[in-house]
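See the structures that follow.
Look at the two complexes coming up: subunit A is in both, with subunit B in one and subunit C in the other.
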Partner chain A sequence: MAEQDTLIEQIRAHVEDKLPALDGIVALRRTSEGTASYLFHEGDDLSQLVLNPRYPLSTTVSMLQKRFPEARFGIVARGCDSRALVEMAKRNQIDPDRLYLLGVACTAEEAEECHCATPAPDIAQWPQAELLGTPVEAGSPNPIVAEYDAMPLEERRVFWKQQFSKCIKCYGCRNICPVCFCEACALENPAWVEPGVLAPPFPTFHLIKAMHMAARCVACRQCELACPSHIPLTVLYDLMRRDVGRMFGYVPGDDLEALPPLSLTLE
Partner chain B sequence: MEYKNVLTTCVYCGSGCGLYVQVLDGEIVGVLPVKEHPISRGKLCIKGWNATDFATHPDRLTTPLIRDGDDFRAATWDEALTLVAERLLAIRDEFGPDSIGVLTSAKCTNEENYLLQKLTRAVLKTNSVDHCARL
Partner chain C sequence: MTNSVPEFSAYTECFLITGSNTTEAHPLVASHVMEGLERGAKLIVVDPREVQIGRLAHLYLRPRPGTDVAWLNGLMNVIITEGLADEEFVANRTEGYEELKQVVLEYTPEQVEEITSIPADDLRKAARMYASHKPAAILYAMGITQHSTGTDNVKSCANLAMLTGNMGIPGGGVNPLRGQNNVQGACDLGGLPNVYPGYQKVTLPEMKEKFEKAWGVTGLSDKVGLQVTQMIHGACDGSVRALYVMAENPLVSDPDINHARHCLEQLDFLVVQDIFLSETARLADVVLPGTSYLEKEGTFTGTDRRIQRVRKVIEPVGDSRADWEIICQLGQRMGASGFDFASPKEVMEEIARLTPIYGGVSYERLEPENEGFLQWPVTAPDHPGTPFLHKGKFSRGRGKFHAIHFKEAAELPDEEYPFILTTGRLMFHFHTGTMTRRTEKLHQEVPEAYVEIHPADAARIGLDGQKRVRVSSRRGEIELAVRVTEYIKPGVVFIPFHFAEAAANALTHAALDPSSGIPEYKVCAVRVEPVSS
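Right after this comes the complex of A and B.
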């Protein structure tokens, strides 16, 4: 606990130092209204800057950069935020040259809770970045993936059929995703997803999302945490990411320069 | 360049899920679930995720309308409330209290619902008060 206290103090001090040279820093702010993302400015009460609970920050940075094309913002970023920003940068949703990234290493407990493979930002790939905290080992893999692997094919189909039948089509998994940004979403196209019908078409609804997340999902777990129906969505995306890794050697969020395989094949 | 999240409660049903309205320079730019909310715990249904859509909708009523023949005309709150009060009292006096029923709403706060039943019983003098959650 004491180490975490020092880390948050270091982060706040760094943010204070950097704010005068930037148009604001995106981070989480805790007030009497709870905790949510916020654009900190010089003079703001930095004792309100916190690290939990996690919210997607890359989409906020993207929106701010688009709204203010000249501005230079900063972000307090965990590993998953940084990975999401990498994928957003490749799809022209953020401009790395106008971003200062203050990376924060997650704790071993956090890495374990998220089953996170890279629990600290790789700051070397960002034009302006620093890292606070000591990077820890990867968390253990999601045990449900191993259970799933052990199932025969038919059982896997039943597993997903059961899980997806719980879906109330809230679109929360899409809305909260830090790498989802399309103006026109296939999941809102009546040709694919009939409006007013529950559960959504099996397996199209979830597989369309999964296809669009191939070579893009950065394993942040936000979708699973936002799902009111407790569908183990990260298992689906873990499997997708594993396939993309095996087939194309591509790891989303790993390398700002590497082009996503779907863009390459389309060219 | 002011970006913040404003805490509010979803207006669509009686569950009372917590949501943040994302506001950029005074303009609503999105909705986020409140992860620390004791009821909704970081989850929302499709209505909550879209709870702000009506806020700036061109069809949104921004002033009371009073029926005028086949049409409506814009009125002030004072005028509209006075008319409603006068008509309700006139109907009560002419046809009796049980000619009136009141439907309250899950979208109101507990306090507003309390006041509505109080008004129904103590002023309109009827027990015919119910709630949209039972419809």
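Right after this comes the complex of A and C.
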């Protein structure tokens, strides 16, 4: 706890240092009205800057950069934010040259909770970045993936059918996803998904989403946290990431320079 | 609700969900139910429609609409005859057991099957499952209440919970899921014809005196006022000449809306306060623009008696004003005292002063860094609030069993109108659609009304691939799209009531529960005919 207290103090001090040179820094702000993403400016009360609950701040950065094409913003970014920004940069959703990345290493507990493979931003690849906190080892892999691997094919189908029968089509998984940014979403296209039906058609609804996550999903776990029906979505996306890794040697979020394999063919 | 929503994920071992399309109408409550199921809890769903949560159930029973007292008595019959009742609870905490027993013993599973069409063995299994997993929670919504026997249905749910000792414990109880974010608050604060805030009866002289003194007035009425359904009838017979409707759209939501429209047209003066120009507002002499939840300060009291702050994010748009401001301005302009509040916080201070169950509520305590929320009864500033009711003792002392016989719904199908119509909500729209039907994404999901009909019935009426049907009752008729689905029970059709242009409530009828005055939205007789396109 003491270590965490020091880290947040350190982050606030660095944000204060950097603010004069930037048009603002995106981070979470907690007030009596709740916690939300916020663009901190000079003079703001930095004691309100917090790290939790986790929220995809990369989406806020993308929105701000598009709206203010000359501005230079900063972001207080965890490993997952950084990975999302990498994939967004490759798809012209953010401009790395106009971004200052104030990286934060997650704690061992956080890494374990998220089963996170890279619990700190790789700052070397960002034009302007620094890292606060000490990077920790990767968390253990999601145990449900191993359980799933042990299932015969038919059992896997039953597993997903049961899980997706709980879906209430709230679109929370899509709306929270930092790498879901299409203006026209296939999930809302009646040619692909019959509208107004609950649970949404199995397996098309969720498999369309999964296919679109191939070589994109950066394992931030936000979709699973957002799901009101407790569907273990990261299992599906962990499997997808594993396949993409094996087939194309591509790890989304790892390398700002590596071209996404599906962009070269399908996108 | 007697209990709290988070108890479902934490404690409940068996859920009995009836007359509630929980995942669609209360998705956040459903989320806690699902967590409970992942923990290993059992789920029994009783509903004429195979609602989504029914597909996750360990037992799914499908009664004929309007037969709830019969199957609830049937469950109690099995529990008593198989010795599964909580005898200690019945002996120490309740009264009227012998009378109850006498009545429910008449409802053997076989007899219940005849009335409800629930297979006798399924009923036995459900009774055993509910009685042998404790704590067990009953969750219900309008499928239980919106009947001419709604009060009987609710009392029967309470009988069942008491019989098994599921009252006054975390994770158990009788849990009506309220249909709007603040309908509990509206009732708590006196939005009922017979009570002041906090359910203090208007007929009691000491209450009259208390409020006259507090408000500095004399002559407060000690008579029970009109129920909402009686007001509409009153408009027709001239006993009500002016009506002030706030945030309600009776021309879509009332039963038998053709009649309701006729009644409202007889009024001398109609005021509607709403955030949109609803069907009802179009009929009004004066429309007062209210504000949305983003434009106002105050509190909402949720279904589990949970009082929480709502906070203004933007200033009111255009000429709109917060509802409390409009009401206070009206009061002041009518020359009344007691309407000079400067903020909703001051209103809450008066509520706390005059309402024992809200006695300990203050905006300070509702700040997130303090308690964040409070659940009534919270009677004093140092009272912690009450997550579940009736611990150790009922508010009336002993819990009273009501021995209740099954009564048929007011209108049953016949040769001319052979189907039972039941109405309800969808995931994608809210109530009369004044808000959700203005939302492009939700409109895309379900752009128009439809009727659900079973494939066997579709064949029986000669639908033959037609896409539209005419549904008529003794009160009106509508034309709408048709969905053929096995999710609906044969002999029953379902229409969501969100759609003014094909309003289900043109068909429903205004048979009322004699006690609560709630209309029988869930059962009426209709005819369905294909419309050639």
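Simple rule for what comes next: the second predicted complex is superposed on the first by the 265 of 267 C-alpha atoms of A that agree within 3 Å, B and C clash if a C-alpha of one lies under 4 Å from a C-alpha of the other, contacts with A are read in each partner's own complex, and residues count from 1 in each chain.
Criterion: contacts are C-beta pairs under 8 Å (C-beta built on N, C-alpha and C of every residue); 3 or more make two chains touch, one makes a residue touch a chain.
In this text the structure is predicted, and so the values were computed from the model without any measurement.
When the two structures are aligned on the shared chain, A:Y38 is found in touch with subunit B, with no touch to subunit C. Residue contacts after overlaying the shared chain place A:L64 against subunit B, while subunit C stays out of touching range. Contacts of A:E188 after superposition: subunit C is touched, whereas subunit B is not reached.
Legend: residue contacts after superposition of the two complexes on their common chain; A:A199 is shown touching subunit C, with no touch to subunit B. Judged by the touch definition given at the top, the superposed model places A:P228 against both subunit B and subunit C. When the two complexes are overlaid on their common chain A, residue A:Q125 makes contact with neither subunit B nor subunit C.
By the document's definition of touching, of the two partners only subunit C reaches A:S165; subunit B does not. The partner that reaches more residues of subunit A, of the two candidates subunit B and subunit C, is B. The residues of subunit A shared by its contacts with subunit B and with subunit C are 33-34, 168-170, 228.
Residues 23-24, 26, 29, 33-39, 41, 53, 55, 60, 63-64, 67-68, 71, 168-172, 175-176, 225-228 of subunit A are the ones that touch subunit B when the two sit in their complex.
Those residues of subunit C that touch subunit A in the shared complex are 23-24, 27-28, 30-31, 34-35, 38, 52, 55-56, 311, 367-369, 426-428, 441, 444-446. Contact residues of subunit B toward subunit A in the complex are 1-7, 18, 20, 22, 24, 29, 31-37, 42-46, 48-49. By the touch rule above, subunit A contacts subunit C in their complex via residues 32-34, 165-166, 168-170, 188, 190, 195-196, 198-199, 228-230.
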